Amino acid sequence: KKQLVIVVKGLDNPFFEAINQGCQKWNKENPDSEYECFYTGPASTSDEAGEAQIVQDMLGKADTAAIAISPSNAKLIAQTLKTANPSVPVMTLDADLAKEDAALRKTYLGTDNYLMGKRIGDYMKEAKPDGGKVCSIQGNPGADNILRRAQGWRDSLSGKEGLTELKGEGGWTEVAGCPVFTNDDGAKGVQAMTDILAANPDLAGFGIMGGWPLFGAPQPYRDLFKPIADKIAKNEFVIGAADTIGDEVAIAKEGLVTALVGQRPFEMGYKAPSVMMDLIAGKPVEDPVFTGLDECTKDTVDTCIQK
Amino acid sequence: MAVTLDQTIAQKQRNWLASIVGGQTFWVLIAVILACLFLSAATDSFATAKNLYNITRNVTFVAIIALGMTLVIITGGIDLSVGSVLCLCSMVLAVVMHAGYSIEVGIAASIGTALVIGAFNGVLIAYLDFPPFVVTLGMLSIARSLAMVASNNTVVFQFGPDHDTLLALGGGAWFLGIANPVLYMIILALLTGFVLRWTRFGRYVFAIGGNEHAATLTGVPVRRIKVAVYMISALSAGVAGIVQTGWLGAVTTNIGAGMELQVIAAAVIGGANLAGGVGTALGALVGAALIEVIRNSLGLLGINAFWQGTFIGGAIVLAVLFDRIRNFRQSE
Amino acid sequence: MAVLELTNISKHFGAIQAVNDVSLSLEAGQVVGLMGDNGAGKSTLVKMIAGNFRPSEGTMRLDGAEIVMHRPVEARQHGIEIVHQDLALCNNLTAAANVFLGRELRRGIGPLKVLDYKTMYRRAGEIFRELKSETRPRDLVRQMSGGQRQAVAIARTMLSEAKIVLMDEPTAAISVRQVAEVLNLIRELRDRGIAVVLISHRMPDVFTVADRVIVLRRGRKVADKPITASSPEEVTGLITGAIEQV
Amino acid sequence: MAVTLDQTIAQKQRNWLASIVGGQTFWVLIAVILACLFLSAATDSFATAKNLYNITRNVTFVAIIALGMTLVIITGGIDLSVGSVLCLCSMVLAVVMHAGYSIEVGIAASIGTALVIGAFNGVLIAYLDFPPFVVTLGMLSIARSLAMVASNNTVVFQFGPDHDTLLALGGGAWFLGIANPVLYMIILALLTGFVLRWTRFGRYVFAIGGNEHAATLTGVPVRRIKVAVYMISALSAGVAGIVQTGWLGAVTTNIGAGMELQVIAAAVIGGANLAGGVGTALGALVGAALIEVIRNSLGLLGINAFWQGTFIGGAIVLAVLFDRIRNFRQSE
Amino acid sequence: MAVLELTNISKHFGAIQAVNDVSLSLEAGQVVGLMGDNGAGKSTLVKMIAGNFRPSEGTMRLDGAEIVMHRPVEARQHGIEIVHQDLALCNNLTAAANVFLGRELRRGIGPLKVLDYKTMYRRAGEIFRELKSETRPRDLVRQMSGGQRQAVAIARTMLSEAKIVLMDEPTAAISVRQVAEVLNLIRELRDRGIAVVLISHRMPDVFTVADRVIVLRRGRKVADKPITASSPEEVTGLITGAIEQV
C-alpha cells in the first residue's frame, strides 16, 4: 500500500499517541483504501535533528504518497523541505512552519497555538482582572508552538503585543525564576511550581503552556493546590493550563485549575489522512484547517470535550 | 619497645575522625549543610516544614537509584540504563494494575522485569566480558522502547482496584509526617550500608573493584557477584519507579529520561570512584541531596531560568573541588 | 607416600603449550624448588595445583585419591594454599581483609551472618606476629611497602592447616632481611610437615632451603633431583638449555 | 638459525591482514556492509542516490565529534559535554552572524568558544586531577545553559549578510555531488588518522592511555597533551555545530541534546576502548555509520516506531558481540 | 673527577621523609651498588637524579656545574638515563615505540615532521641485538615475558651516549640466564666509561658487578665504601640496622 506518513516531534509524549490513535482509527475504517496511514517520529521530542532525518528518510521512500509533519523546529524542517524538494504533497500537523515558509507546505491542520495561549490568558484575566504576580510553565526551551502559546498568553494578559516579559502591563508581573522550562517532565514541572510558590507567597497564578504537570504528575499537582482550592474557587489564585490529556479533566472537576484549553490531537490524526488524500488528488484544501479548542472550567467539565 | 598484640591490632593508619574528615563524602555533606544554613538565612521559604518535606521527598528517587549505582561503581562498572529501566518498571506496574490486577501482582511484575533486565546486563558484562558502558547504553534504548510497546505510549493514570493504595504508598506520610519515599530511602540506605560493611557480598564487591584479577585468583565468585550487582542496580531503578508512580499518580513514557547522568553524578559527588573500589551508601544520599538542594534553591532565590544549568553544573564541579584541593595539598 | 601426585599434566592456551606432559610428586615435609626461565610454565603449573586453571590433560591425585578442581576454593578445601606471583592483593582493602579474602569469618545465627571483624583482626594480627612482620591488620594495602605486601600474601597460607603451600616468587623485590624471614618461614612450614613448592629465580634461596629441585624448560620437566645431588651450575645449565636433561 | 637483523626488524606478531581482521573495527565494518547489502535487496528506497546522499550526510555530525571523542577515549578519559558544546557553539555562531557580523567572525567566535571550554575541561582534568566524568558532566549542564543565555532562548534562523554562504557551507554539495559535511568528515578523519599514526602527539596520546604513570616517568608532557585532547574534543563538537547549523538553517537550544551518548557509542562500537589505549579514526566513522544505517533502515522497512529503540539498542550490543565471540574463542 | 655530585639531598612527601640529607658522588666508569630495605628511599633517590622528582633540599652538580631539573627530558639531555623499578612501559605500544618514548625520531622538513618508523625499528633492533635479547621491535609489549620487558626498559638507556645510567632493580623477577646478561651489560656500560648505579636486593649481583656499595637506611646514607672493603655480611647488617653506620 501507498503510505500517508505522519511524522511527529517525538514518541515520548502522550499527546502524539492520540494522533496515532486517530491515524489507526482511519486505517481501521478504510481497510480497502489503496493508502494506509503510517505514524513515526524520533524517540525524544528534543531530538530535532533526528526528526529532520526521519522526514528525509520518508521523503526518500518510494511508497510515501504524502507526508504530514509536526515540526519541533519549524525553521529546521523548512530547511529540510527546501533541500529535499519533495515530489509528494507535504502538510503540517499540530505545529506549523513560519509564515514566510508557508509555501513549503500545502496546508496546516491543527491547533492555532497563538490563540490557544491567548485563551489561557483570557481565562486568567477574566478570573482576576486586576492581575498580580504570575509564572509561566513551558516545555523544551526551543519548542516553537509552546513559545507561541506563551506569546498569546502574554499578549492577552498585557493587552499589548509582542512583550517578552510581563513587568506590570495589564497588572501582571512575571516573578524571578520564570518562565520555568520543564523539558516536558511533569515531576520537574510540579517541583519547580512548588518552589516558585514557596518563594512567592503572594503569587497570583500560573500559566501552564503544556499539560505536563497535570497529566504527568497529577498527584503532586493535587497535593500542591488542594490547600488553596478555596482561593482558586474564589479566583484569588488563577491557573490556566493547556491540554485535556489524561487526568487533567478530573483535576478541573476537582476545582484545582481555573480553566483548561485543550486541543484535539485525535481529530488531527484522524483527519490528516483524508486531507493528504485530497492533496494527492489535487483537490482544493483550505489553509489552515484548525482543529478546535476544548475549553473546560470546573462547571463545564462534563460537556467540554468534543471527541 | 614492646608493643602488645592488642595494640598492633587496634592500631590504624588514621583514627576514625581523620578517616571521616579525609573523605569526599564528608566535604560534600558540609557543603550541603552550609547551603542549607545559607538558604535558611537568605530566604523565608527554605526552612519551612513544607519545603523540607518536599525536598526530602524529591531527593529520594535519584538517591534510591544512586544506592544501586554505587554498588555498580564500586565494582568498577557503570549502568546507563537506570532511567529507562525506571520508566519500563513504572509502566509495567501501571499497565498491570490498570488491567485490573492487584497492587501485589503489579509490584511483582515490575520487580520481576527489573531483575530480568539486570540479569541480562549482568550476564553480558560478567560472563561475556562486554564493556558495561556499551551493554547498558544499549539497554537504555531498549528498555524505553519496550515501555512504549507495553503502554502503547499512552498516559496511564488509573491503576485499577488498588489505585488508592498505590497513591498512598508513594504519596503518603505514614510516620512522623515524613514522606513515605523518604522512609523507603532511609531503609534502603541502611540496608545498603549494612550489606557493604557487614556482609561477605559487600566485601566481595569492594574486592572486585580493587583488583578483579586478584579477586578471581583468591576464589571470589566474581562473575556471580557482578551479575548480582547489575540486578541490584536495576532493582533499585524498579523500586524507585514504583514509588515514583505512586507519588506522581501517572506514568508517561518520558519519565526517567536523562536520569542516568543525574544518578551517576550523585554517586560520584558522594565519593564513589568510577575507577572502582570506593563508594558508600551515605555518599549516594549526600550526593543526591546536594543536587536537589541546589535545584530547590534556584527556584527559591528566583535565579533566571537560563542560568540555572550553569549553577547546577558549577555545583557538580565544585563538589569535587573540595576533595581535590585537599588531595593536592597533601601530595605536595 | 606422596601428598600430591601429578601425572602427565599439560596446559595450553590457544596455540601456546604452557605446560607439557609434566609428572611430579610432592612429599610431606619437603621443600621443592621449581626453577625455569621466564615463560617456562612455572606459574601455570602451580596455578593448576591451586585450582585457578584446569589442566588440559593429565590427572592429579591428593593423598592417593584423584581430584578435579573447578575453583580456587576447592583447592583450599583440599589443603592447598598459594602465594601468587603478583600477590593478588586488593589495594583498597585492609591487610586483614586481604588475608581473609574468599574465606571471611562470619558470626551470627542461621543465614543471618555478618563479618566477624574482631576475630579476623585478631587472627591476622597473630599471623603477622608469627611471621615477624610489622604489618598491622587495619592498614590499607595501598600504603604498604613491598615487604609488607608480601607478608600479607604469605599470611593467607597460614589461615588453615594446609598440606601444601605453593609460593610463586615470594622473594622477588623484597629486601635482604625479609628474604631471610621468608626462608625461615618456609623452613617452619616444612617442619610442620607441610609440602612446600618454592618458585624462584634466586639460585641461593633455592639452594639454601629446598630439598629437591625441579627445572622446567619450555613447559617440559627437564630435571627433578635432590638438591644435594645437583649444583647451581647444573641448574643454570638446565634452565638455559646448555644441559638438555638429567 | 642465523636470523638477520633485517628479518628480526621486519617480523611482527601478526601480519597486517591478521591484525586488521583481528580488530573490532573490521567486524563492525563488515556488519555495516552486510546491512547495506541487505537493505539494497530488501527495499527499493535504500540504494537510491537520494537516500545514500542523506545517510552519508546524517552520519557526519556524530562521526566528526566521535573523532575528537576517540582521542579522549584513547587517553582513558571521557567527554560528556560534547552535545551541549555543539549547541553552544552553534548558538554563538548564529547569534554573532545574526548580529550582522561576517561568517568569518562568526566561525572564529564559535571555534574560540569551543577551545575555551575544552581548555577549561582539560585544565581541571589534567592539572587538578578532577575525574573527567564529573567535569564534563558539569560542563554538559553549563554549556547548554550558556547557550540559552546567549540566545535568550529564541530560535535563530537569520544569519545576517553571510546567511547564504553559511547554508551552502552546511547544506551544499560542491564536489561530485557529495554532501559538503561528508567532505569535511573525510578530511577530518584523514587528519585524525594521520595525527594518531604519524605524529609524536598521536604517539603520546596512546602512551597516556596505555600507562599514564609510565608516560609521566619517561617525560611525556602528559598534562599538556591531556588539555590538548579535551580541546580537540570540544573543537570537534564546535566544528560539527558549525556545519550542522549550515545544514539545519536554524538553531534552538535543543540541538545536540543526548548526543554525547550517541557519540561515545559510535567510538566504542568502532573499537575504542573506554579503559584507554585503543582506538582509531576509521573506527569512529564506522561506528557512527552503523548507528545511522540502522536508524535509516528502521524507517525504510516500516518498523513500528515503538520498537525502533529496541532495534537500535540491540544493534549497539550486537556490534560488540562479534568481537567478544572472537575473543572468547581465542582465550579458551 | 666526579661526574655527578649530590650534596645534602633530602626529599619529603608530606610528612614522610623519604630521603634525608644524602651526599654522594658518582665517578665515570664506576658501578655503584645502592642497597637498602624496602622503603629505604632508593627509588626516590634515583628518581631525583633522573629528574622525576625535585629534591626538597640540597644541590646536584654535573661535571662540576650545578643543575636543577624540572622534567625527565632535561635529565636525559644531561646524559642521565634510568631504568625504572616498574619498568614504565606502555603495554599497548610496540617495543620500539617504548624504547623511543619521549624522544621519538622524526623526519620531514621544517615543522612538518612525521614519526620515522623505519629508523626507530632499525635502531631498536640493533640495540636489542647488542643486548643479546630476542625481543622484536614490532612486537607489542603486552604479550612479552618479564625478560623481554626488562630488555625494552634497558634498551632505552642505550639510545644516546649517556654519562650516567641508573638501574632500579633490573634483575628482580627475571631468570638466571637473563640476570647474567644484565650484569654483563652493566660491565659493558662501565667499560665505556659510564657511571652506573645499580639498585638491587640481590647481594650476589651487587658483589659480582659493583665497584662501590652505598647503603641507605630510612632515607639516610649509612655506608659508602669500596666493595672490596666490605662483605655481604656487613652490608646485610647495615641494611637491617644490626650495624649502625660505617
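A, B, C, D and E label the chains in the order they appear, each numbered from 1.
Following the convention adopted for this analysis, a residue touches a chain if its C-beta (ideal position, glycine included) is under 8 Å from a C-beta of that chain, and two chains touch if they have at least 3 such contacts.
All values derive from a computational prediction rather than experimental measurement.
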item	value
Set of chains whose contacts include both chain D and chain A	B
Chain whose Cα centroid lies at the greatest distance from that of chain E	A
Chain pair with the higher count of C-beta pairs in contact (A-B, B-C)	A-B
Longest centre-to-centre distance from chain D, chain (CA-based)	C
Whole-Å gap between the CA centroids of chain A and chain B	34
Between chain D and chain C, distance of the C-alpha-averaged centres to the nearest whole Å	49
Distance from the mean Cα position of chain C to that of chain A, given in whole angstrom	72
Contacts with two or more other chains, residues of chain D listed in rising order	148, 152-153, 258, 305-306, 308-309
Chain A residues counted as touching two or more neighbouring chains	11, 43-44
Footprint of chain E on chain C - complex, ascending	35-40, 85, 145-148, 169, 172-179, 201-204, 235-236, 239-240
Complex contact set, residues of chain D against chain B	80, 124, 128-131, 133-135, 137-146, 148-149, 152-153, 258, 261, 264-265, 268-269, 273-274, 305-310, 312-317, 319-321, 324, 327-328
Touching residues (chain side chain C, partner chain B) in the complex	51-52, 71-73, 76, 84, 86-93, 97, 101-104, 106, 113-115, 121-122, 124-126, 128-129, 136-140, 143, 156
Chain E partner contacts - residues on chain D that touch it in the complex	5, 8-13, 197-200, 203, 206-207, 209-211, 213-221, 277-278
Residue ranges of chain B in contact with chain A within the complex	43, 45, 48, 50-51, 54, 58, 141, 144-145, 148, 152-155, 157, 167, 170-171, 244, 246-250, 252-255, 257, 295-296, 298-305
